[in-house]
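Data block below; observations after.
Lettered A, B and C in written order, each chain numbered from 1.
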């Protein structure tokens, strides 16, 4: 126990003197949290709509004017003919183009149900589908409004109305969704990378032998090496969560203790994996590359950037072994849905299991390390 | 020139002998493309919806049938009480719930019935779309009601998607991956290369020879240009052959811009390494500065136009942003004229290189 | 010898695949002796030392250090020995005192004990004035002494020194050996490897390893008589070139 405390004290002393590292590990993440959270807005806004009005009647203008009036779209350039509209899309001057064909008002009056053309620039997958959806919805709404206004037979037909309510996030603030995710990513990057390099550094500097000769057991060594970075990650997490609550008003519906439990379990995993990478590498560069390799995949497959539900079966299996995904579920569950211990038991136990395995693996690796030539 | 080549050759040997780093630098981009191309689908499909039918009459059953036959919604789980809705959300089993109130049939006969659509707002990126889909389903039901009464809707919409008709996300994602991969790998590798020698003390050794600092830098950086170009080519080839990402424009033009971007990434790596006192600081700084900002701020996934104004300015300061516009323009639309982007990229390259070289001169004195 | 040997090895062997680095080593070092372990580069010295320190398990044979069986009583063994590696393995970003406190603490010394021990050791090592200096800023000779201090903090019974005077000037080397004599006089067994043949003269007995085997083991004068060498350098060259 005394030996362990000595090791931890040494690690902290070294850390305190490394001001450059401290800056990277504390200042940079908070700064990134601030900037990136503002960027992480999945609400569509400022989608530019190009228009082509071939009918030039009151109705056509009504339909076209509905677009800039919405939250999502802004008015784009107006084309004079089909060729120009195509050119606008091609050049990226607008993201979406709405075209009212000639004879529109007349066909509507005659009951021929003409169609408004919506052309979407498919190259921007992040907004093409949704943009098309919103555009279609706007046209449909105008159609319903028109039908209701010009009463007549249509008024007596029964209809179904929907009342939409968004639970847990009534204003649909996507920030609430994103900020916890950014926090998770930052904490992961720091804890895994830092630990990954910690031991290899000693190997490189030659002090590892000196330490192995002492009565320190492999378990004590492993714990001593990871404790400081675990603590740093915790501090980062606390700061980030505080920031998120105060600045972005991300709520905390669930119990902070459940969150803490989740954090500890998750840190066990990231630190353990970082150590394994360290044990398996000879230089800091190798350790870093190994950690980085898995880090990028974990981030991409965590459900943060791309929805997991859409992935093919085999990919979804991969996400099931991704600790980041479970942690994201825990963080979001506790912060935004008020999920409790019972709801998240599965995720917590999974993380715990992974953590123990990773740490156990690291201890075994170091036991072998001390015995190698 | 010979001296530069000598430095470059030594650097090449370093790279080749470090098998693991080489494997990661070469394989990772490839695996990323193959994986993400197959896996990423940004369109919402197969929604998981819960339905609570408190009415149980014929008309409500019709509504529910329409729900599942719409094609968007695959699983419609039957719920038996309001508490099951909360539970379903909290456990992440359903994304939305459709509640048909008691008396739905009678209300409809009288003229208007209401259904409640509850959406899991915690998943904000999909919530609005999910709500839209459910509303679209109801709109279809309304259209059927009109039709049954022998009437037609006044007008409708016909949607067409250009350049990427099935909205294949791979076409969108692959150019983004090229930028991400180049930025991360080139910046990371260069920052390591120089700092590593600084730490080992061998940089000093080299500088006792007639080689000038500039020659050292150029020599060290050359192999990484080659590596970056290799990675770039692999990602593009994989995108083309495996996912059919088109190449509507000129390969030469694409190569030229890729080279420009590689130079920018390398200069960034140099700058980081010149200002980092130790290897681990250099690596962590390089990683943090390139990874998340490129993923989030470059227009890779999140549309820049949707971000707040001041942040959009920040986005346009990133080289990756402009590079993506060029890449997508060349590959997907066959464009070849990018005045704004070219100017931006060239200026960035010049600025970064100057800063890097100046920082190095200071350091080495 | 009536008392048990401080370092004892019989048939100690270590193989790496096909290559035998250390072959059937036999030796006995008495308590308080200064034993010189010589050999050319690559002869297997470092491998042998690493086995005796508990860093590497033997492939064959047996050994006992400070009464503990090598390869079996590793935990107890580690507590009774001190080790100074070739590279002086110190933490450059810690001060002199902090390095000493770390290594002492890791060996189980309490805070109070450490304070007392530091006050004892540092003046003797000539480092008292530099307690608060960062190790990285010290000249090589100081680092060497600090490294020795860290190996001594916990009062080991056996001290293993792997080329402790590499790259240090002759004056510093001389004073270092004074320190070694002090330890030996206090009963610590010193097991030292070195390339400096003049230092071999300071040892009680010396062994010379060639290609994994000990080819000679005797006092310096005994070896000189046997080989007809004028000094240890001569002895060495004759035995190694043979």
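To be clear about the criterion, a residue touches a chain if its C-beta (ideal position, glycine included) is under 8 Å from a C-beta of that chain, and two chains touch if they have at least 3 such contacts.
Predicted model, so just to flag it, every value in this text is computed and none were measured.
Without chain A, contacts among the remaining chains split them into B | C. Farthest from chain B in terms of Cα centroid separation is C. Each chain gets one centre point, the mean of its Cα atoms, and the points for chain B and chain C are 58 Å apart.
Separation between the centroids of chain A and chain B, computed from CA atoms only, is 11 Å. The residues of chain A that reach two or more other chains are 18, listed in rising order.
Chain contact summary for the complex, chain A toward chain C: residues 2-3, 5-7, 9-10, 13-14, 17-18, 205-207, 209-217, 370-373.
If you check the complex, the residues on chain A that touch chain B are 18, 20-21, 24-25, 28-29, 32, 35-36, 38-48, 63, 89-92, 95, 104, 107-108, 111, 113-130, 132-137, 139-140, 143-144, 146-147, 150, 153-154, 156-170, 172-178, 182, 185-186, 189-190, 193-194, 197, 201, 281, 283-286, 288-290, 292-293, 296-297, 299-301, 305-307, 309-312, 315, 329, 332-333, 336-339, 343. Listed in rising order, the residues of chain C touching chain A in the complex are 16, 47, 50, 53-57, 75, 78-79, 81, 83, 85, 87, 89-94, 98, 101-103, 105-110, 150. Interface residues of chain B facing chain A in the complex, by the touch rule stated above, are 18, 20-21, 24-25, 28, 32, 35-36, 38-46, 48, 63, 89-92, 95, 108-129, 131-136, 138-139, 141-142, 145-146, 149, 151-165, 167-169, 171-173, 184, 188, 192, 196, 276-281, 283-285, 287-289, 291-293, 295-297, 301-303, 305-308, 311, 314-315, 325, 328-329, 332-333, 335.
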